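Before I ask anything, let me first share the structure, which is written out below as structure tokens.
Chain naming follows the written order as A, B, C, D and E, and within any one chain the residues start at number 1.
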Amino acid sequence: MNISIQETVFFALAAVIGLFSILTVTTKRLLRSATYLLFVLFATAGIYFQLDYAFLGAVQLTIYAGGIIILYVFSILLTNQQADEKLERLKNSKVLAGAVAAVAGAGITLFLLLAHPFGPSRLASGEVPVKAVGTALMGTSKYQYLLPFEVISILLLACIIGGIMIARKR
Amino acid sequence: MEGLHLEYYLVVSAIMFFAGVYGFITRRNLLAVLISIELILNSVDINFALFNRFLFPGQLEGFFFTLFAIGVSACEAAVAIAIIINIYRNIRNIQVKNLQQLKD
Amino acid sequence: MDYSNFIYLKEELSLIAVIVILLLYDIFGSKKSLNYFQPVACLLVGVHLLLTCCPARAALAIFGDTPVADQVNAGVYPLLSGMYNLYPLGSIVKSILAIGTLIVFLQARNWLEGERTIIRRGEFYLITLFTLLGMYFMIAAGNFLLFYLGLELASIPMATLVAFDKFRDRSAEAGAKYILTAIFASGLSLYGISLIYGTTGTLYFTDIPAALTGSALQVMAFVFFFTGLAFKLSLVPFHQWTPDVYEGAPTSVTAYLSVISKGAAAFVLMVILGKVFGPLVEQWQAILFWVIIATITVANLFALRQQNMKRFFAYSSISQAGYIMLGVISGSTLGMASLVYYVLVYMFSNLAAFGVISIIEHRSGKETIDDYNGLYSTNPRLSVVMMIALFSLAGIPPFAGFFSKFFVFAAAVEEGYYWLVFIALLNTVISLYYYLRVVKSMFINKNESAIAGFRSDGYTRLGLVACSAGILLLGLLSVVYGEIHHYSLGW
Amino acid sequence: MEYTLLIVLLPLLSFLFLGLAGKGLKPRVAGYIGTIVLAIAAGLSYITAWHYFTTAKVDGVFEKWTPLNFRWLNFTEHLHIDLGILLDPIAVMMLVVITTVSLMVHLYSLGYMHGERGFQRYYAFLSLFSFSMLGLVVATNIFQMYIFWELVGVSSYLLIGFYYTKPEAVAASKKAFIVTRFADLGFLIGILLLSFYTGTFSFERLTSGDTSLFAGAEGLSFMGCSVMSWALALIFMGGAGKSAMFPLHVWLPDAMEGPTPVSALIHAATMVVAGVYLVARLFPVYYLEAPDVLVLIAIVGAVTSLYAAIVACVQTDIKRVLAFSTISQIGFMMVGLGVSGLEGHEGLGYMASMFHLFTHAMFKALLFLGAGAIIHAVHSNEMTRMGGLWKHLPITHLTFLVACLAIAGIPPFSGFFSKDEILAATFHFNPVLGAVMSFTAGLTAFYMFRLYYRIFWNKATHHDHAPHEAPGSMTVPLIFLAAVTLVAGFIPFGKFVTSDSADYIIHLDWVVATISVAIAVIAIGLATLFYRKESSIPDRLATTFRGLHAAASQRFYLDEVYLFITKKIIFNGISRPVAWFDHHVVDGTMNGFATLSQRLSGSIRGFQSGQLQQYVMVILLGALLITVLVVFI
Amino acid sequence: MNFLSLFVLVPVLMMGGLFLAKTLKQIRVVAATGASLLLALAVGLVFAYLGERAAGNTAEMLFTAKSLWYAPLHIYYSVGVDGISVAMLLLSAIIVFTGVFASWSMGFLEKEFFLWFCLLSTGVFGFFISIDLFTMFMYYEIALIPMYLLIGVWGSGRKEYAAMKLTLMLMAGSALLLLGILGIYFLSGESSMNLLELARAYIPAETQYWLFPLVFVGFGVLGALFPFHTWSPDGHASAPTAVSMLHAGVLMKLGGYGCFRVAIFLMPEAANELAWIFIILTGISVVYGAYSAIVQTDLKYINAYSSVSHCGLVLFAILMLNQTAMNGAILQMLSHGLMTALFFALIGMIYGRTHTRDIRELGGLMKVMPFLGVCYVIAGLASLGLPGLSGFVAEMKIFVGSFMHADTFHRVFTLVACTSIVITAVYILRVVGKILYGTVADEHHLTLSDANWYERTSTIVLILAIAGIGLAPLWLSDMIDGSLLPIIQNVKL
């Protein structure tokens, strides 16, 4: 049994993701839930790093961990007078139904995923150069993403306008 | 990374996905529901990156999809939180059970 | 870097221009000048429409006799290396959606000029146009990424529209329900897309079919992906958000949601099913078969006992989606033409109905079917508009709905779906029952305290007249269908 | 001979004119118009008769003339309804009978119906009837006959119901129509069968003796009888309905609710003999194709005539007595036809039957018109309200007596000759049947004289106003008909109307004649004994034969049977359940669908719970379910 | 512009005129003018048609015209008439004409009433001039839907229930029909919606076996085919006079005509093979309707069930698949149309005066309103098949024709159907006896007036038509016969 460093890292990340994913959705305290989510996101970033997608990992850290989680924490604090209010106890039936649905879904998905003969792994290590990322975002030929880039900027604009419209007091 | 198969990662992402699903279905607080959704989206992001890296490293399609998806999920979170906060302002409560005026 | 291709994105570009102008106007316009926001918005959308105008042949004249024009005429012309598809039917659908949006804008006045919403007036038009732009991209997408972004652009801002009356609990609740369900559905859909990517190695529409083997995982991926669009189309069992959201949302938004959003999704679904999932045709036809039956039947059963008009129309629109799917399932040229035509007709009919509901809701605050009792005695014209809309929805000649129904049925029958059409036809009888219920309350039921008569404003009337004209003429003037059919692609 | 068309057409024109413009006319004028038109028609008939009987005989056989025949409606190339005029001895005879009696009735009604509401309508209907009846007798084909048959039925319906405010009259008219309609159903089916196998409606072709026509039906049988027997029996059923044969006679006594002249015209002299005429018309077909049906006809005729005679003995309404007498006499005619052969002397029954038809029309019309005069005088139909009228109504009395003697078969009155021939033919055919008929003849004499005595003699009833003789318009027809009755017996009928259209020399069968006269005289004697003066014998007899008497006065409960069939079986037994079925089962099923949908709709209501998370779960499960179904199935 | 298209155009123009009309008088003028114009057109068409035929034109359809409408599905707007459609058009025109007069004084919402009425007429006329399956179907549905409002708004009694039931059942029928039409279009391999072209095409027999029932039942629902007739009694009973007239008089004929023109004409093999099933059903209709009518107490119900019986006879005869019976069926359509219209008109007039249709509350009306009484008797006599009136001709053709069928089965059912004439007599005379004769049931009725001029107009026109057919049926029957030939030839294969 020869476990490489990569494997150790992976299993550590997998354990963190698995554990905290479940804790995120089961903990009774909302703020903890957000914190656990943060751990999951960190671990996800870790996976990206492990896959040599450092740029992706960085984005994950900044946008998710840095941006979204803060947003969550603020809104949790904003909406709860007692910041750490316990979540209401659930009816067992509800939990059971959710669990069954989730487990069934996971079961089916995993069954199909694992049964599927994915082609041979063509894993090649090597960092994705940021320049290539930049070029791809500004290009119009195949596998270049200028148009989506523009579209997501419009999407962001729209969401900003919409979000402000809803969130502002008037 | 020879010892690590694609499937390992896929299992992780699937667990994350369905943990999110479970959370979505069972959580009582809208924000908690939203947090669960982040898990779902995140697991999808992992999937894209994985497939790209393991199976189709030639092009960066999955990579970019992940990139854009992260942006989109930020948008979604922002708008959803805005709406939730609006609800909070209206009824001082963001429990899911309060969203049952409309039914039948 | 060759950006010349962008010139052909005329629909999107002109719409963006409209958005930008309106945005600037909204930001910098004086308070007084903002009173003209609606006319300006309508005008701009109108100009946009004219510029990109629907009769594809005329539009093609813009291209002159360039190679692009020829290729577009011949079918699909991929731009930006396949990221974006230019094809005449897509342009037609975009124009149809723009027409619908214009009508929604015309009808929105009553509601928007109200005290509480007037300050957010600009946002309504802007966000609506954003979502419209999202649909444009969905329609034109040649790549799942662009498609996904278009889908999100069409649905996330939509949530803010649903929650537009943000101080009204129901609107807020509807908004929350909408966005959460939408995100969940898009999450599922995204998971599906990821698996498609994982099993085919590409996100470009043109490349996928070759790699589709029909393996179990691909089927699951397809189903998950399908869920996202089915959610937008509100097909059973992905429909449950629909009545709640339709009821809660402001009526104009409901109208927009039920028609434009749905129409775009239906068309895109057909395009993707045909273009991308062609090799899985047996699977998706089997899926659609049962989904259609479930959709039409369940929606009709629910619609039977609705009291609230908007909720009622929500169920009605669910079942209409089922009929639209008949065009999809056929997967033929006829089916696609019929689908687009159906969407067009359905748009006019539903917008007419919602226009009436909207104005009545605004003037009297009443929105249950019983409130409509005796409407004809006080507001004959509105009642008549409502009636022809209902008849059109029910598929009664000489209104356009008859023709559109006939064509989708024909499309399905052509492919041998006799039982499916049979069940759908039986369901039309049920649907006729509930449509007639409304007609009955307006024309037959007596009411001492009927909604008082009123005159609606010019814009609303213009909107209603346009809808009525559409309902009356679309069927009789075969040129519309002919044109659509001419550009319809079959697989 | 085209002018014969006028005979038929004139009454029609008169009907249309009176029907449309009658309201504007003075009643008297309307009456005159009707009468004059009929007079012209009668005149034309006499001319026709004279013309026909003098010129139509070729080689000792009367030819059939068809002065007019045009196609009215096509069925197939070969099968079509024609309208036309067929003249042969019986048709011509009928023309004469009908126009004569009708003219008399028209004339008579001028007085009898004077001052009645709807006088114009009355004449219009009379004209309609005359038209229909004339059209019937000159029919060239069986379908034309059916057409006019129906029209006759309707005219009868209208005339019986003339006093439409009287519930009895309305009920009677309805009953008459429906019973005959039921019989006509048989007639129609008979026609369908007959035409199906022969491919023609034409009388000329059917009666030409050409058996190849019936080849199609050869060997086909149903329930032991040949198809042709069925067809002809069904056609006879139609005739039996119209001619009030047992058991389809029930409508006729009730039909007396109509005005008395109408009874004279329709329910005594003309329409009711249409059945006899029908059988006579098709006689060769019956004789050649279905002799068994002829036996049936004879038996039905005998039963009817016996039955009616018995019932007539106990009726107290004078018109009812006459009605049953009519039924009985038509029975005689039927028997005559049933026992007849086709050729030469075999055809005695046929000839006699036609002869009896002729004479009976005259004296029965006379009886009815006389009865009308009596009713006119005492304003009642009941014998109990009469008695001793001979001195008040001398002319009526005498003419009535003549008619009674005629019907009783006393020579030299006309009835004697005709009835005697029938009896002779019957005895020749079957002595038992002959005996029955002779007994019936005796009964006839008995009840007729019972009637006669109770009206004119017996105990006089007190009247507020002394009854007085009817006006001239009424007495002239009486006298005329009495005169005809007196002399008609001496008409050499065999020269004109026979089964084979050849001459038939009448030989009086002295044995039969003597017996029948003797029976008649005895019967009259008994009647004289019982009823000449007030006597207790009838009452004692009635108590002795209580059961029989009661049954007879209730007409052997046949009306009750009919009531049972219509009310209990058809109305309550079929129609109500059918209506119930329609309402609860058929309609209920349709409503059930609606209820079911509503229920279903209600039961799935909870599904739309308003819970966001449930919606999402459904989405997820939906997607999973679809996946599982598609992937694993 | 084709001459025939005027039949559709005139009602449409009438609708325009009505839309502009302001006063009641103008509305009436428009309605009456339009209806008269239609009647004149129809009469003109009869002469034109006979003239063409006399001139030796042997085309299957005359006055044809077609223009492409929906190319992808080969849908043409194509019109043309043969003797049968001419007859039906004449019938429709008469009924529309009389219907206008029968609804002369609706009392409220006249404009709307006539608008719907005209829409209904458009559908009816359009149906009869069409020889394209699609347009035929379209007109068929156009004719159905106005019924809902006409009954719902202007009706009486359980009008809402009745209107809904009627509409839904008929629409369910038309749903089957639509499927059948699409099946015919796609499976004939002809790529045509044109009836004549489809008739020449060969639809595979096994396909016919399931298409035929769809189409036949689809149209049969409107033709009151047992057990799909239950919309008819309630519908007729609740409808206003003119609507009952038009519905029973013309609309139900659409069913018969459709069965005949589409089901039998296009699918002869299935017609031959499957006729027996429907013969049983229609045979039941005939007798069942008649028996049901006996116990009804509402005048309109009686006539509605009578219509079930008579219309059953129409379908029955059509299924006999021989010329005589089919000819009878067409004549029966005409005859039933006219006399039912007359009945409903009269019932409407009686109801308008006495405010009851319950025969137990009526009596002696002959004395009070002799004109209506006489007309009612005539209608009744026509209904029970009195010679000289139209019913007789039709029924005799049917019975003789049906009886000529070679199969014993058919003949036996013919006899069963024949019995209906007796039952008909029973219920007709029952009604006549109860309501017209006898003493006046309600002394208030004594003061009631007889028919006024417009009522007289409509009844007299109808009676003239009934008597006209009854007295001189030959030309009509010949006109129909000529057009039946192609159909018969198709059926005989």
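The working rule: a contact is a pair of C-beta atoms (placed from the backbone, for glycine too) under 8 Å apart; a residue touches a chain by one contact, two chains touch by 3 or more.
Just so you know, these numbers come straight off a predicted model, no measurement behind them.
Touching subunit D and subunit E at once are the following chains: C. Chains making contact with subunit A as well as with subunit D: B, C. Chain E has the C-alpha centroid lying closest to the overall centroid of all protein C-alpha atoms shown.
Compared with subunit E, the chain whose C-alpha mean position is the greatest distance off is A.
More inter-chain C-beta contacts link the pair B-C than the other of B-C and B-D.
Greatest Cα centroid separation from subunit C: this falls to D. If you average the Cα atoms of subunit A and of subunit B, the two centres end up 6 Å apart. Between subunit B and subunit E, the centres computed from C-alpha atoms are 65 Å apart. A straight line joining the Cα centres of subunit C and subunit D is 77 Å long. Taking the mean of the C-alpha atoms as each chain's centre, subunit C and subunit E sit 42 Å apart.
Shown for subunit B are the residues that touch two or more other chains, namely 17, 20-21, 24-27, 33-34, 50, 55-56, 61, 64, 68, 72, 75, 79, 82-84, 86, 99, 101-104.
Among the residues of subunit E, those touching two or more other chains are numbered 168. Within subunit A, contacts with two or more other chains are made by residues 94, 97-98, 101, 105, 108-109, 112-113, 118, 145, 148, 152, 155, 159, 162-163, 166.
Those chain pairs judged to touch are A-B, A-C, A-D, B-C, B-D, C-D, C-E, D-E.
Only residues 1-3, 5, 16, 80-84, 119-120, 123, 126-127, 130-131, 133-134, 137, 143, 145-146, 149-150, 152-153, 156-157, 159-161, 163-164, 166, 175, 195, 198-199, 204, 215-217, 220 of subunit C touch subunit A when the two sit together in their complex. Against subunit B, in their complex, subunit D makes its touches with residues 605, 608-613, 616-617, 620.
Residues 1-12, 14-23, 25-29, 31-32, 34-36, 38-39, 42, 45-46, 49-50, 53-57, 59-61, 63-64, 66-68, 70-75, 77-79, 81-86, 88-89, 94-95 of subunit B touch subunit A in their complex. Chain contact summary for the complex, subunit D toward subunit C: residues 594, 597-598, 600-602, 604-605, 607-608, 610, 612, 614-616, 618-623, 626-627, 629-631. Partner subunit D is touched in their complex by these residues of subunit C: 176-177, 180-181, 184-185, 188, 216, 219-220, 223-224, 226-227, 231, 236-238, 240-241, 243-244, 283, 286-287, 290-291, 298, 301-302, 304-305, 430, 433.
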